[in-house]
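Two complexes follow with chain A in common, the first pairing it with chain B and the second with chain C.
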Partner chain A sequence: MLAQISQWFIWLNQTTGINLTIVYDSYDRGRMIDGFLNTIYLSLICLVISVIIGVIGAWLQRSSLKWTRRLVQGYIQLFRNTPPLVQLYFFYFAIGSLMPKIENKYGIMQPILSNWDWAIISLSFFAGAFNVEIFRSGIEAVPKATVEAAESLGFNRLQVYLYVVLPLAFRVCLPALSNNLVNLVKTTSLAYAIAVPEMLYVANQIWSDNLNVPEMMTFLLFAYVFLVGILVWAMNRLERRLQLPGYGG
Partner chain B sequence: MPSETESGSVTAGKSATAEPMISLSNVHKSFGDTEVIKGISFDVAKGDVVCIIGPSGSGKSTLLRCINALVPIDGGSIRVEGQEVHDANLDRLALRKKVGMVFQQYNLFPHKNALDNLMMAPIKVLRQDKKEVRERALKLLEKVRLSGKEDAYPGELSGGQQQRVAIARALAMNPDIMLFDEVTAALDPETVKEVLLTIRELAEEGMTCILVTHEMGFAREIADHMYLTDRGVIVEHGPPAEFFDNPKDERTRSFLGQIL
Partner chain C sequence: MKSRNSVAKPTDLPVLMPIAERLTRGRGIGLSYDIPRLQLRAWHGLFLLGVLVFFSASAWAQQSPDHPATLAQAFIRWMPLLLKAFVFNIVMSFLAMSLGTIAGVGLGVMQLSPTRPTHAVGWFVTQFFRNAPWLVLLFFCMFLLPFRFSVFGVTVPFPDWIKATLGLALPVMANVAEIMRGAVASIPSGQWEAAHSLAFSRRQIMFGIILPQCIRRMLPPWMNLYAILTMATVLASIVGVSEVMTQTQRVLSAENRPEFIVPFYAFVLLLFFVYCYPIARYTQKLELRYAVRD
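Then we have the complex of A and B:
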């Protein structure tokens, strides 16, 4: 079966010149599968960290300490108002070069944080800044009276946040959160710039070897449509599952 | 009736058998430049039902919120079971365990079903055993005549039903005192009855209650003591019969004239 498919793609290449080595060449196929999985891995890690940043940031933003609020505001402004590629370069080349180096198992000195680590940090902070604002909008939509009711039942500030405000805010901001997470998945392709072997980087390697740029570009587009499609589907399901009974449609 | 005791002190009915449950003295509260409470004092004895009426913006709801420390006061003192409420070292949890509150807009947790609305605070706040809380919650729902609605979410209940869940939710904490803030103001006349019935039963069981209300007929029946507030002060107070039939202050007369 697999052999037949491979045969067909070889035939396709010979007759039309459409060269999809990732199907019939096991080496290229392996590379592309790794790249695909790396993109998923990078997306998932950054997604989780950025949501955690959003939840904590939105909590700190309501702090009674002026400087805590300012710090969060500064973080948001910095990461929202600069291009993610510049952020990535800043982390990897500017901060990365200042970090101490350690000896790896082959006895070679290498940076304490790898390009992978920096991509995760940078992309999480980037998406996290938006998530803070998204969660804040959700929190502001929770009626003050509901919070008051929780307080009158003896909940402390953190308990009110965890058991009442956050669950309600999360429902309100899910559509905006979905948008931002879709953006995050697409932005992982920037990790290409610091040689993280995600999908775009691998595609580049493959087209350099086979000179099949149009084919690989087309494949990339469909691969991202597929990945983001899954995310959107999952978020929609979550949205439906969390819908408050008796409210809205 | 006042009566001489052996020691010679004067007691008036049940009001003076012990230290008052709630004691307000010269309470002041401002929001910005607007002073909404201008020196209010009164005592509530254990088991008493006190109704506060008055025009909108006269500080009634704010007063209730001050009693369980939802709103800080600017001057005076509020004591609940001997504990000063507006003390920097106040144990808020201890206070709120004693004082249950029900709101005009019900304020249920819309993401939890009726049963979970009741169970949340006892489990999360008081850290009580889940099974035991569940049994108590089911009994309370039965008490407010909502058996069978355990799994319904607030959005699926009528206003009157939601308000009764809210009452049961406050009762689930086993409070000594219940505060009702215009709890029927958002309801239609039909459902008002069912909520009032629930409150009446509570009062008859001896729960100490403070009600801010516009239901004059109900207040007259249920209250041990009536207060009328206007522009941040108590204008008139007294037992309901006297208060309604023979008001002394002109403002009481005109307010009752508008309402009744």
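Then we have the complex of A and C:
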């Protein structure tokens, strides 16, 4: 079966010149699958960390200390209004050069944080800045009476936040959140710039080897649209699943 | 209930207690109950960045006390080049925005078409370009467009920065189409019916009645998109266009001084922040104003 498919794609290459090496060449196929999985892995990790940053940031923004609020606000505005690529470069080349180096198991000195780590840090902070704002708007939409009711039942501030405000706010901001997460998945392609072997990077290697730029490009576009489609579908399911009767339409 | 705000109450009168909190906050439209809306100004961000630059620079200066040129001298030497490159970025963003907006309005009208195939094509193109990463689209245009083409025997060069601009205009087009669709959907359907009953043709209704009303609603998201586009022009450095990021990297390799890396990258961040933050503020203001009026 697999051999037949490979045969067909070799035939396609010979007759039409459409050269999809990722199907019939096992080495290219392996590389591409790795790249695809790396993109998913990078997206998932950044997704989780950025949501955590969003929740913590939104909580800190309610702090009664003026400077805590100002710091969070500064973080948000700084990361929202500067290009994510420059942030990535700043983290990897600028801050990365200040970091200490450690010896790896082969006795070679290497930076303490790899390009993978910096990509994860930078992209998470970028998406997290948007998430803070999104969660804040969700928290603002929770009726004050609900919070007061919880307080009168003896919940403390953290408990009110964790058990009452956050679950309700989460439902309100899900559409905006899924928008931002889609954006995050698209932004992972920037990790190409610091040589993280994700899908775009691998595709670049393959088209350099085989000179099949149009084919790889088209594949890449469809692959990303497919990934985003899955995420949108999952978020829609989550939204339906979490829907409370009489709350948030 | 214990008060969560450290703000002093302006009154002790029980009658005024319900609105006391709102009074202290001036014109903070009562959207937020617990979170005072922060009035952050541009200098807050500048201050943070300044601190960053200052500390990183001074930390490095301690490590190499006798270097030939100080950071300030290097900045003065390269500033004209970097600023020129940044202006180039802005020119690219203007071009891509105009192209993308014109194409996007066309695509939006296609999407709103009552004929099924036109609507389907418009919808597919919009979704496709909206969900593909900007960088991939940029690569797409860079590699698949020719570097020159001949029209009637005349060879027209097609420089890389124009290709990059086209690559950036594609996602802008899809996003403008989506913004337009949203704006048109927000116009009450009674307007369409009223216009139909006055015997306006579809084109007249679209361009004479519906779209002029949409402009006001489209403006804030459109400006937001412009800020995103401006920040995306840096991507052109990956495909080799000489814009501000490329020039910064060239400057850094010409100077060959590791201690300059942090300040120079911070400077690029600062340039974009200074340009994009006012746009974001103004967008917010517009949004707020329209939200109240509607």
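Note that the second predicted complex is superposed on the first by the 245 of 249 C-alpha atoms of A that agree within 3 Å, B and C clash if a C-alpha of one lies under 4 Å from a C-alpha of the other, contacts with A are read in each partner's own complex, and residues count from 1 in each chain.
The definition used in the following text is that a contact is a pair of C-beta atoms (placed from the backbone, for glycine too) under 8 Å apart; a residue touches a chain by one contact, two chains touch by 3 or more.
Everything numeric in this text was worked out from a predicted model, so none of it was measured.
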item	value
First (chain B), second (chain C), both or neither touched by A:E148	both
First, second, both or neither for A:L168, with chain B first and chain C second	first
Which superposed partner A:A127 touches (first chain B, second chain C, both, neither)	neither
Which superposed partner A:Y224 touches (first chain B, second chain C, both, neither)	second
Contacts of A:Q159 with chain B and chain C, given as first, second, both or neither	first
Per-residue contact with chain A, leading partner among chain C and chain B	C
Partner chain(s) touched by A:P245 [first = chain B, second = chain C, both, neither]	first
Touching partner for A:R136 - first (chain B), second (chain C), both, neither	second
Partner chain in contact with A:S189 - chain B first, chain C second, else both or neither	second
Those residues of chain A which chain B touches in one complex and chain C touches in the other	148, 151
Chain A - residues contacting chain C, complex	61-62, 64, 66, 69-70, 73-74, 77-78, 80-87, 89-90, 93-95, 97-98, 136, 139-140, 144, 147-148, 151, 182, 186-190, 192-193, 200, 204, 213-214, 217, 220-221, 224-225, 228-229
Chain A partner contacts - residues on chain B that touch it in the complex	65, 68, 70, 92-93, 96-97, 99-101, 103, 105, 107-111, 120-121, 124-126, 152-157, 166, 169-170, 173
Touching residues on chain A, where the partner in the complex is chain B	143, 145-146, 148-156, 159, 163-164, 167-168, 171, 242, 244-247
Chain C residues within the chain A interface of the complex	1, 4-6, 31-36, 38, 40, 44-45, 48-49, 56, 59, 127-128, 131-137, 139-140, 143-144, 227, 231-235, 237-238, 245, 258, 261-262, 265-266, 268-269, 272-273, 276-277, 280
